[in-house]
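Here the chain labels run A, B, C and D in written order, and each chain numbers its own residues starting at 1.
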Amino acid sequence: MSDTLSTAWALAWIRGAQAVLAENRAELNDLDRAIGDGDHGENMDRGFKAVAAKLEAGAEDVQGVLKLVASTLMSTVGGAAGPLYGTAFLRAAKATTGDVDSDGVVALIAGSLEGIVARGKATTGEKTMVDAWTPALGAAQAAVGTGAGPIAVLRAAADAAAAGAEATIPLQATKGRASYLGERSIGHKDPGATSTALILACAADAAEAL
Amino acid sequence: MSDTLSTAWALAWIRGAQAVLAENRAELNDLDRAIGDGDHGENMDRGFKAVAAKLEAGAEDVQGVLKLVASTLMSTVGGAAGPLYGTAFLRAAKATTGDVDSDGVVALIAGSLEGIVARGKATTGEKTMVDAWTPALGAAQAAVGTGAGPIAVLRAAADAAAAGAEATIPLQATKGRASYLGERSIGHKDPGATSTALILACAADAAEAL
Amino acid sequence: MKKLINDPANVVAETLAGFAAAHADLVTVHTDPDYVVRADAPVQGKVGLVSGGGSGHEPLHAGYVGMGMLDAAVPGAVFTSPTPDPILEATKAVDGGAGVLHIVKNYTGDVLNFETAAELADMEGITVKAVIVNDDVAVEDSTWTAGRRGVAGTVLVEKIAGAAAQRGDDLDGVVAVAEKVIAQVRSMGVALTACTVPHAGKPSFDLAEDEIEIGIGIHGEPGRHRIPMAPADSITDQLVDPILADLKPAAGSKVLLFVNGMGGTPEAELYIVYAHARQRLEAAGLDVTRSLVGNYITSLEMQGCSVTVLLLDDELTDLWDAPVLTPAFRRGV
Amino acid sequence: MKKLINDPANVVAETLAGFAAAHADLVTVHTDPDYVVRADAPVQGKVGLVSGGGSGHEPLHAGYVGMGMLDAAVPGAVFTSPTPDPILEATKAVDGGAGVLHIVKNYTGDVLNFETAAELADMEGITVKAVIVNDDVAVEDSTWTAGRRGVAGTVLVEKIAGAAAQRGDDLDGVVAVAEKVIAQVRSMGVALTACTVPHAGKPSFDLAEDEIEIGIGIHGEPGRHRIPMAPADSITDQLVDPILADLKPAAGSKVLLFVNGMGGTPEAELYIVYAHARQRLEAAGLDVTRSLVGNYITSLEMQGCSVTVLLLDDELTDLWDAPVLTPAFRRGV
């Protein structure tokens, strides 16, 4: 365990995310099938497969990895999730420098969230991935307040994102494709919030496994 | 029981046929569905409903009834069955004069068969209505030979038509829509032979009920 | 059965009512008996073209009534040939003094009803000739069968014969052009699903979830044999192979390649079939100089397609390219 | 799932290959990134029109590339908005110096990806403006939702804005025409069956044998509510009523009535819907002066349809009637 997360962590995170999103492809499609158009798992899987293929080329630092993820997602995912995740990773890269400590983890998550909100103009409670990123940021900040190291901060964020994703179930969607369903969107978990929780869990897993 | 069948018989026959074809509409459709396009019951029902509506206007003699049936079937049934049955009834009318005795029944059936063959160019064993009309004619001729009256001649013809229809089951179709199936037409009863048997049974029923 | 219909018995009549209202600039729809004619029929001095058959193949035939194609279309009940009366009335309505050509798909019912109508028209002094389209290689053609069915090639016959009539050919000339197309066109179809005739209320045949029917006709009748579901390229091979075997086109021949949708297949899939069929024709040394892809002769909502190949020469190419203005087919006007 | 495809991952690429071969006279297809342009692009001095979105809606958008309509179409994966790269490349390929209009259907994904592409194009010195089509009255339009979806009205926007660009309007002029159409067009759809996205392999939603989905979108997403199967006239009422309630057209207004098939519905059924919709509009005092009936913007093999009403004035009527020459839409040429 070290006090900062390096390029190796970033690479392990994204490789792990690729594997986890591939595993959860069908489940994410099913969630999207219920309140959207059934392609979210497909989109994320396609995007992270493309990312993984490019990662082989290597990246100099954490920010290099994040930028590669950003541009690749932007150019391969399409749909709503492509520009949203693309901007999220781009802002995460811009919000940090070099290896990432506890504050860096907070900055990374805050940057992601800001990017998503800047593009998608959603706020909390609209049943989108914002409802996973927002509690993740809150939990990360709280963990830093208790003096936690970056690994523990990431874990706190990941757990909060997972809880946030669960908490989208009773919400009525007012942004994204699910909003077309009106009240019928209630009772289903948001696919984008779910993929966010998976990705953040991979970040924590990768950090713990270092 | 009389020695000739009159206009009342012809009217009762056709009314009975209308009822029986309506009852057997779905069954004839199903037979046609197996080796054709599933509309034979529909076609016959539509045609005889139109005939029944026109019968109200009345007809002077047996031939008048048969001609009305012919022209109405021709103009309402369509498909293969329309021109075939239309021509059959037309030739039946032309082959007889006034009330029908035993020889008249034979002439009526012979006329029908000739009309069908003239139009459709089928011979026996091709899995068509010819395979019901041909044994019907043979049986009628045989019955006349034994001195039977017109009612018994009709019943013999009807029974032979029914047996002929059953006997189409093992045949491979070489005429009509069922021929497109090649060997796959084997094992199914021909819908047109079946409707022929129904119609001739109604003729016998009507004669017996007089 | 879920369909956008009211009463199954009124499907054809209600369809014609909508068609008449939507295309009043191009066609006139007569009811009782039902037939559709060019708005400017009869065109004096021009050979009149009449086609028809059971409904359920839309846009065939009514969609092809107009300048450069048909003068009249006669729609029967769904999948049931029309009776002689409306064929006769349509024939009378489009006779401009140069005679009338009946374009008949080879089905016993169509042939018999058109034959009767032609006899009746003849008695009224109208010269009628008929051509029988029989392009379906799925069916064995022999004196012992009802012969090959008429399927997608009908669209090409109607377009090309229509152009010949429009340029002023006489009746024998139009017949000759139509016969040339018929001699040089072959088709083969496949169904992924059956279709449901409205008044029947259930599918015309049963097909398992992993089966397809090769050699399907256009009337919801079963095809020649069933195979397990396969990739598009393999299915396409099974349509192209019998066409080439039957047509035996010389290498270097120019051809028109027509991939037709049966009504329920997404257009994208038709282009996938087209791409492979074209590769196959090119590999056989053929030059695909004209193409048609889309739903032109359908079987209600059936999923599937047919492939049609027409051998072209300069005359047929010119007639194919000639202007046409109908509800469903417009080129060069 | 039975489809005429090879590998679900290659559906769009193989479709484009077939499309390119079949329509080489009208369009050029670029791959990697995928986009389709007019064969004569860029047209110097003319505003370039680019549209796009997920595939699976064929003939939209690629079928509308050509003279008098779109200059380029950008197909994404099935039902998934394309990424910014191909939109940017298409934008560059059709810029003839007069600027480029992006016609975007109102879906978060389409809007975000086109926005990004427009920013990138701007950085390369190309003036890009965008219009957002949002004609679907099934969706509540409020600041609290993603807004109404863009559906069948898109076809009319593309045709009419395309005609404005073709006659030489400048970018602001074409935007104004497109915005006028968007302001005056409303649609509402119904699904009788769901459709199956190839890579998903199962229907996008579940619908019982006796249920239909009112207010369906075009991406296989569920609609607003479910009702038991009903006669066509009653279903049509449920599409026409909300359109009239939202559009509130003055009696005597001239309108275009567009009945669009979702891909798997027989054309005959569309005319039945058209007939009743037209009756309803006429009963409301409207004058149906233009009509369009057919599969113009589909959802794969979905069964169902949409009704679209566009308020016309003389300018829009003239632009609607203007010549157009594309693979899927030809008038007056």
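The criterion applied here is as follows: contacts are C-beta pairs under 8 Å (C-beta built on N, C-alpha and C of every residue); 3 or more make two chains touch, one makes a residue touch a chain.
If you're wondering where the values come from, they're calculated on a predicted model, not measured in any experiment.
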Seminar exercise, completed: At minimum, the number of touching-chain hops separating subunit A from subunit B is 3
Exercise. Greatest Cα-centroid separation from subunit B: which chain?
Worked result: A
Seminar exercise, completed: Cα centre of subunit A to Cα centre of subunit D, whole Å, reads 32
Seminar exercise, completed: For the pair subunit C and subunit D, the C-alpha centroid-to-centroid distance in angstrom is 29
For this session: For subunit B and subunit D, let me know how many angstrom lie between their CA-based centres, rounded off.
Result: 55
Exercise. Chain contact graph: line, ring, star, complete or other?
Worked result: line
For this session: Check the chains against each other and report every pair that touches.
Result: A-D, B-C, C-D
Exercise. In their shared complex, at which residues does subunit D touch subunit A?
Worked result: 54, 76-85, 107-109, 112-113, 115-116, 138-140, 144-146, 149, 197, 199-200, 202, 204-205, 217, 219-225
Problem set entry | For the subunit C and subunit D complex, residues of the former touching the latter | 2-7, 11-12, 14-19, 21-23, 55-56, 58-59, 63, 192-193, 209-210, 212, 229, 231-233, 235, 263-275, 278, 288, 291, 293, 295, 298, 300-301, 303-305, 330-333
Seminar exercise, completed: The subunit B residues in contact with subunit C across the complex are 29, 33, 35-39, 42-43, 46, 74-84, 119-120, 174-177, 179-182, 184
